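All chains are identified by letter, namely A, B, C, D and E, in their written order; residue positions are counted from 1 within each chain.
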Amino acid sequence: MSTNQIPVGPFHPLLEEAEYFNIKVEGETVVDIEMDIGWMHRGHEFISEQKTFTQSIFLVERICGICSTSHPIACVHAVEDIDNIDIPLRARYIRTLIGELERIHSHLLWLGLAGHFIGYDTLWMWAWKYREPVLQMFEIISGNRNHYGMMRVGGVARDVDPDALPALLKILDEIDAKMEMIAKAANDDPVLKSRLKGVGVLSHRDAIDYCAVGPTARASGVKTDVRKDEPTDAYDLVDFEVIVTQAGDVYDKTVVRLLEIMESSKIIRQCLEKLRSVSGPIVNNVKEISPGEGIGRYEAPRGEVFHYMRSDGSNRPIRHKVRAPSFVNIPTFTASCKGIPLADALITLASVDPCYCCTERAIRVVGHAEQAESIDLLRLSREKTERIRRTIHGA
Amino acid sequence: MSLLTLFYLLIFPGLLFTAVLGLSVGWVDRKLSARFQFRVGPPFFQNFYDFIKLLGKETLIVRDSVQSLFIAAPLIAFAALVCISALIGVALFFGASFIGDLYVLMYLLMVYSVMVILGGSATGNVYSSIGAGREMKLLLADELAFILVCLVPIVKAGYEIRLSEILSAQQLGGAFIASPSGILAFLIALICIQAKMALPPFNIPEAETEIVEGPFMEYSGPPLAFWKLNHFMMYVFYPFLLILLFLGGFSAGGWGVLWFILKYLLIVVVMIIIKNTNPRVRIDTALHFFWNIAFPVSLVALILAVLGV
Amino acid sequence: MEPSALIYFLVIPAAVSLINLLLPVRAAKALTVIALLYLLVRSIHSLSHLPLLSECGLWGADRLAAFVLLFVHILSLVILVFSLKGVRSEIQRAFFVLYPLTVAFCNGVLLSQHTIAFIIFWGLSGLSLYFFALMGQGDSYSQTAKKTFIIIGGSDVFLIFGFILLAARLPVKEWNLSALQMQSGDPLYYLAFFSLLIAVLAKAGGFPLHSWVPDFSKTSPIESTAFLPSSLDKLLGIFLLARMMTAFFAVELIVKMIIISIGAITVVGAVMMAIMQPNARRLLGYSTVSQVGYMLMGVGSGNPIAFAGGLFHMVNHTLYKSNLFLSLGSVEKQTGSSEFRDLGGIAKGMPLTFLMALIGSLAISGIPPFSGFYSKWMIYQGLLEQTKTLPAGYQIWMLICLLLAIFGSALTLACFVKFLHAVFLGRNPGREKIHEAPANQWLATGIFALFCIVFGLFAAALPLKRLIIPVLAELGIAADLSLIGYYDPLLLTGLFAIVFLIGWVVYRATRVVRYDEIYLGGMAAETRFRVSGVDFYREIRQMPLLQTIYTAAEKKYCDIYELGSKGTFFFSGILQKLHPGLLQWYLFYILLGLLLLLLITINIGG
Amino acid sequence: MDKMDQFIVDMGDLIGKTVRKKKRLYFQVKQENLRQVAGILFNRMKCRLSTATATETFHHIEVLYHFSHDATGDYFCPRILIDDKKNPRVDSIAPVIKGAEWIEREMFDFWGIDFVGHPHLQRLLAKDHPQGLDQPLRFRRDR
Amino acid sequence: MGWYNKRLAKSIWVFHISGSPCNNCDIEILDLLTPRYDLERMGIKLVGSIRHADVLLVTGIFNQKVAPKIAHIYKQAPKPIFVVAIGTCPTSGCCFKDSYNITAKREDVIPIDLYIPGCPPKPESMIEGVAKLVEVLNG
């Protein structure tokens, strides 16, 4: 037996994003996996020092293009948590609507890519064909296919045009029919099943130990869903179920996602219905944020997005921490990839729907120091003056 | 070597015919696949454009590789495939063959795999090496069943290992596919060919999302053009071989030509359908399938053939 | 030629061996080369000037013997050229003493017409294996030597037994080999046949008596491996089998089928072991065993084409397998290892050796137009011819054997793809620059490679027409071997070359070359990213049924020697219990023995 | 008495100053008690470690752990204050919770906090970084 | 080369490099291949190995860790090779332009032939960009 090392990445067709895995194999059996991330790390420090709360929402939207509304939602939740700000009912429905639409588009995207990864291009094309109407709905609602710019502290930025509701419902009906077909096709295909069943199993214990979230955890029988655990927005007003399966293999992860699409469509339908009747403002004007700290979270398609904000009473946060779902899901590879063939390991890598853009965001919005006493401020300003003076004289 | 031989080799069933037909059928493949996926698909001349474009690109050679082997591998495979195509074509269209030509074919067909493996591993790339290993394992997997299904027509033709004998036996007693053993063998042969051409679900050696096109990943420019051409040429002679062994071959008179084209297209379309409705399997699944399922079935076909059923 | 002139084939090498004891090593090398060159010329000469067998007494040669004799000398000369440089200095003297002596013993086997002489030389040639094994390296070479000696020596007992049975059946007491004969239907027929077959299998390395070959290959000096188990022992073993099939016995169908089946099992079983080996020498050793299967199938089938194919394959095998062993020897002498995990990427440094090994590998895998394909093709063709005439049950049996044989060559290909990849291609595991082998070494492998090509391209015109068909004619099994309308390698190669040239011209006309390092998705091409080829076929090994078989094989359940030694311990345990130390027991044993002797005498006499 | 009150009572001396908000509980923990508290939260109360946040203030570097109690949606946030800003050191909780490995590695990477007892503490995002990002999220007075 | 460029314009094989984007452009690139836009009808194909590529599609701001790899991979591509930068990030740096981890000038890393701005650019504008490239190739 001799161990060989296979580099996967930074530019590998499996990974849309630049990532690097060093996979150690015997023959084709994976014995160990080393992960090296940071290729997508952008870091936002200097520009963020000038960002206000509103601007940071624009920023977090660009953490990741796929969950580009989960981060803003979690972010505004965090700000709202500082001051316990309430939002209007109509805004709550709109937020939920956008969030669930994103879930459908993200899960379909993953399904297609998973098909591509296991060499089933037809599945890829089909899934993405039916993803287009979702994007169309986004375009009708927000005017953009991907970055929607819908969130505001205290509500949403844009109203849904009441005239567009019938059109949206029609598209939704269309999607529903196709979803059932795809779910059936994916469920009934014996070859697909044989390729995915029992592959890359993440045990229940490992899912808890690695603190996995989202479909990755739910496929392993861990019932965790922010939408139910801490219902914000309209989630306590709509009826839906949390999908949990037990096996923890790639097939179960697929099933969880497929069923979640159905649930999401159910939620969207309810939201659209409510939007007909519920009227009123879409945003509460928030004047200022008092000092304090807040935690905001949201169930993104990949799992819990976590934002932590600390305010000192100015219009800028002094600390903004983001934890994306992939950040805790990716380490589970060490548990789920060992001892399986290379071909399986690679689909397992894709099965948590990893999003490295999220993982490596490291957004930290830093303003001034917390509880800075006057003496500190004085010192700081003196230091700054000194620095400027030095620069001038040095030049 | 007479002029006629050269004509056979270079023009009609050989080089020119195979290449042009192969690239065109390659278009059928791409177009049909696109239609399966609700897409429009490429224009008819796309494969020709691709080929010509690749000829004009730079050839990158890995500095530490065995360069001569790296360059020669696609050309040798090309030559071997043209020879195979000429052999099959001459037997199919002109009824000319020699004793034991099916053995020669079987072994020549291995040349393609050998060249894929040697060309790939000449570079020392890890992906190519893994791809080479997979190519060999896949060859081992399908070879066992493929030999058996090739023996079936031989047995049915009265233990004559000669393509023209197999043809004439079918012209006398009807196509072999009309018997139970024939139809079993034909089905297995179809799947074996899917594996031999490394089409999905058996595109394991060149799995793009796993090992980055495997043995072909280091190729660029003209050598890559030849690999692409090689791949498309296989679309020509494998169906021809199947027609020859099981479907009664070719007759020029009357509706014969049309009938032949129909048979050919039928096989190609079935292959494309299989290709587009299956995910890629793992190499151990492929081994399991061919050794534990296809092999016993084809053994049954052979026994039936010996018993005259 | 006078029959007595044949004695030179014995006397000269034996004398050279004695003189080599005293001479300085350089002179000994020179002397051996000259002597073998002379003998080669003589053996070529003897092809066309055979003495009439009827005139021969103790020494004689028919065409078969002369044919084998020729290749014995070709092989021993070329391998000697290889051995001129690079044999370890501490064993050099012993090597050059033993080398001509072994040639003498082999010649003795081929040329003796007297049964006792045959047996003696046969045994002596086995003994020289033991001495070569003792020159080995590694921690287990003495064990290997013991194992080899016991298996070969043990099979000699069967040889003697078989010959005694044969001789006992003669109406007149006669020890001349050519007189030995046995008809089917004889009560001792099977006993005699299979006794001799055991000797053949042990010598040639067929299943189930093969297990000494891989071990011998692993530890012994590589020149001796190329010299004995892969070439001379094959020649001798198959020579005896051919004699058995044509002269000693009138072979029954069922016996033929058994030999063919043993052949088929040997082909597939041994090569399945070969593809898993992590060591190049053991891989070649197992593949040597596997190739014996084809010869058994060819010669054992008795069909003229297959018989000719079997003989042809025997010759081809000795040529390309010696080539491969010697190429590996060159590699080993340059790099100091034969473990796959230490090798890789040395084709760049040793292009000539790589070319020879490539030709050898393609030939052994039966890739047309190299020599291995032609002989395999003949064997298959012959077997299929034979199948026509059989009843249905036998037909299926035969077809399955045929299937195993063809599949075996795909496995052989797999085996040598691994060999080529792991040794020559792939990536260098970070060792320093490797230099090409010395001229004598690649010259030797080159000669063998040339044989592979020539015997492939001109198979019908040269070896078959000149050498093998006359042999068959003399053995009296000649059929229509005109080979018209058969596969024509020359034409095929011509066509192939034309198309290749066209492709080459297109490539040359359009190419723009740039050199670059390996593309690994953006990572630098470090040497740690390599696939060593050790676990190339791990997936096959992990298949449910095969896994048990491999595990069993690795625990040596298939190794007759290990089984035997276990059995011996078992029986010696029983024997110990049978020694109670009481007089009446011993008296009883003596009585029992006498009774047995009496029975045997009565049976043979009657 | 709800879960949070119960928790405060149960912990007794182990925790320091507590701040309670709706569904959120922030409390200070002494360094030496961190592993024990984390163990209680993770193993006994079945909380999930969401993440941990490091923040630099003028006096301290503080590390705030976020434990989510999924059944009720409550958050338990132990806070560690590190006085030594030159060589910040904290006990690692990775031996207790596997999922904390990457979280701690990230803080090591960006803040230079040394997590004592971490199984393989190495840089996470800036591993093999050509410019070697040097704790970019710490205060840089010269920037 | 005019003759050859016309051939090239009919068969563009693209390789996709992501240099620290937010992922959106990459998704939209893949979207181009799927049924609604189907770039295969223009002979455009996504390939897995850089050795087969004619056009490199780059996205993102190229952080300092990935920039050397992008430069390396550009050298490994067979000439003639064209680079199309997609999105606002490679064009201007978008909202990340003051990050500590960004390469100041993308052109120093890899010579870019064509920019398609947008955050993310709509598929239609990407197709237009490709059409412009084809136009240039056709002369």
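The criterion applied here is as follows: contacts are C-beta pairs under 8 Å (C-beta built on N, C-alpha and C of every residue); 3 or more make two chains touch, one makes a residue touch a chain.
This is a predicted model, so every value here is computed, not measured.
**Q** Could you tell me which chains make contact with chain A and chain C both?
**A** B, E
**Q** Any idea whether A-E or C-E has more C-beta pairs in contact?
**A** By number of C-beta pairs in contact, A-E is the larger.
**Q** Find the chain most remote from chain C, comparing centres computed as mean CA coordinates.
**A** Most distant chain from chain C: D.
**Q** Can you identify the chain nearest the overall CA centroid, using each chain's own CA centroid?
**A** Checking distances from each chain centre to the full centroid gives B.
**Q** Counting only Cα atoms for the centres, state how far chain B is from chain C in Å.
**A** Each chain reduced to its C-alpha mean, chain B and chain C end up 35 Å apart.
**Q** Taking the mean of the C-alpha atoms as each chain's centre, how many Å separate chain D from chain E?
**A** From the centre of chain D to the centre of chain E is 41 Å.
**Q** How big is the gap, in whole Å, between where the Cα atoms of chain C centre and where those of chain D centre?
**A** Taking the average C-alpha coordinate of chain C and of chain D, the gap between them is 71 Å.
**Q** Provide the list of chain B residues touching at least two other chains, using ranges where the numbers run on.
**A** Those would be 37-39, 56-60, 126-127, 130, 133, 208-209, 212, 217-218, 221, 283-284.
**Q** Mind pulling the residue numbers of chain E that touch at least two other chains?
**A** 34-35, 48-51, 65, 69, 73, 76, 78-79, 100-101
**Q** Can you list every residue of chain A that touches 2 or more other chains, as numbers and ranges?
**A** Only 4-7, 10-13, 18, 28, 38, 41, 43, 45-46, 124-125, 129, 341 qualify.
**Q** Taking the top-of-page definition of touch, could you list the pairs of chains it picks out?
**A** Taking the chains two at a time, the touching pairs are A-B, A-C, A-D, A-E, B-C, B-E, C-E, D-E.
**Q** Touching chain D in the complex: which residues of chain E?
**A** The touching residues are 64-65, 67-68, 100-101.
**Q** Could you please specify the touching residues of chain E with respect to chain B in the complex?
**A** Residues 4, 7-8, 10-11, 13, 34-35, 38, 40-41, 43, 47-49, 51-52, 54, 76, 78-80 of chain E touch chain B in their complex.
**Q** Using the touch definition from the top, list the residues of chain A that touch chain E in their complex.
**A** 10-11, 13, 16-18, 38-47, 58-59, 62-66, 68, 109, 112-113, 124-125, 128-129, 132, 145-147, 355, 357
**Q** Using the touch definition up top, name the residues of chain E that touch chain A in the complex.
**A** Chain E residues touching chain A: 16-28, 30-31, 34-36, 48, 50, 60-61, 63, 65-66, 69, 73, 94-102, 119-120, 122.
**Q** How about chain D: which of its residues touch chain E in the complex?
**A** Per the stated touch rule, the residues are 126, 128-131, 133, 136.
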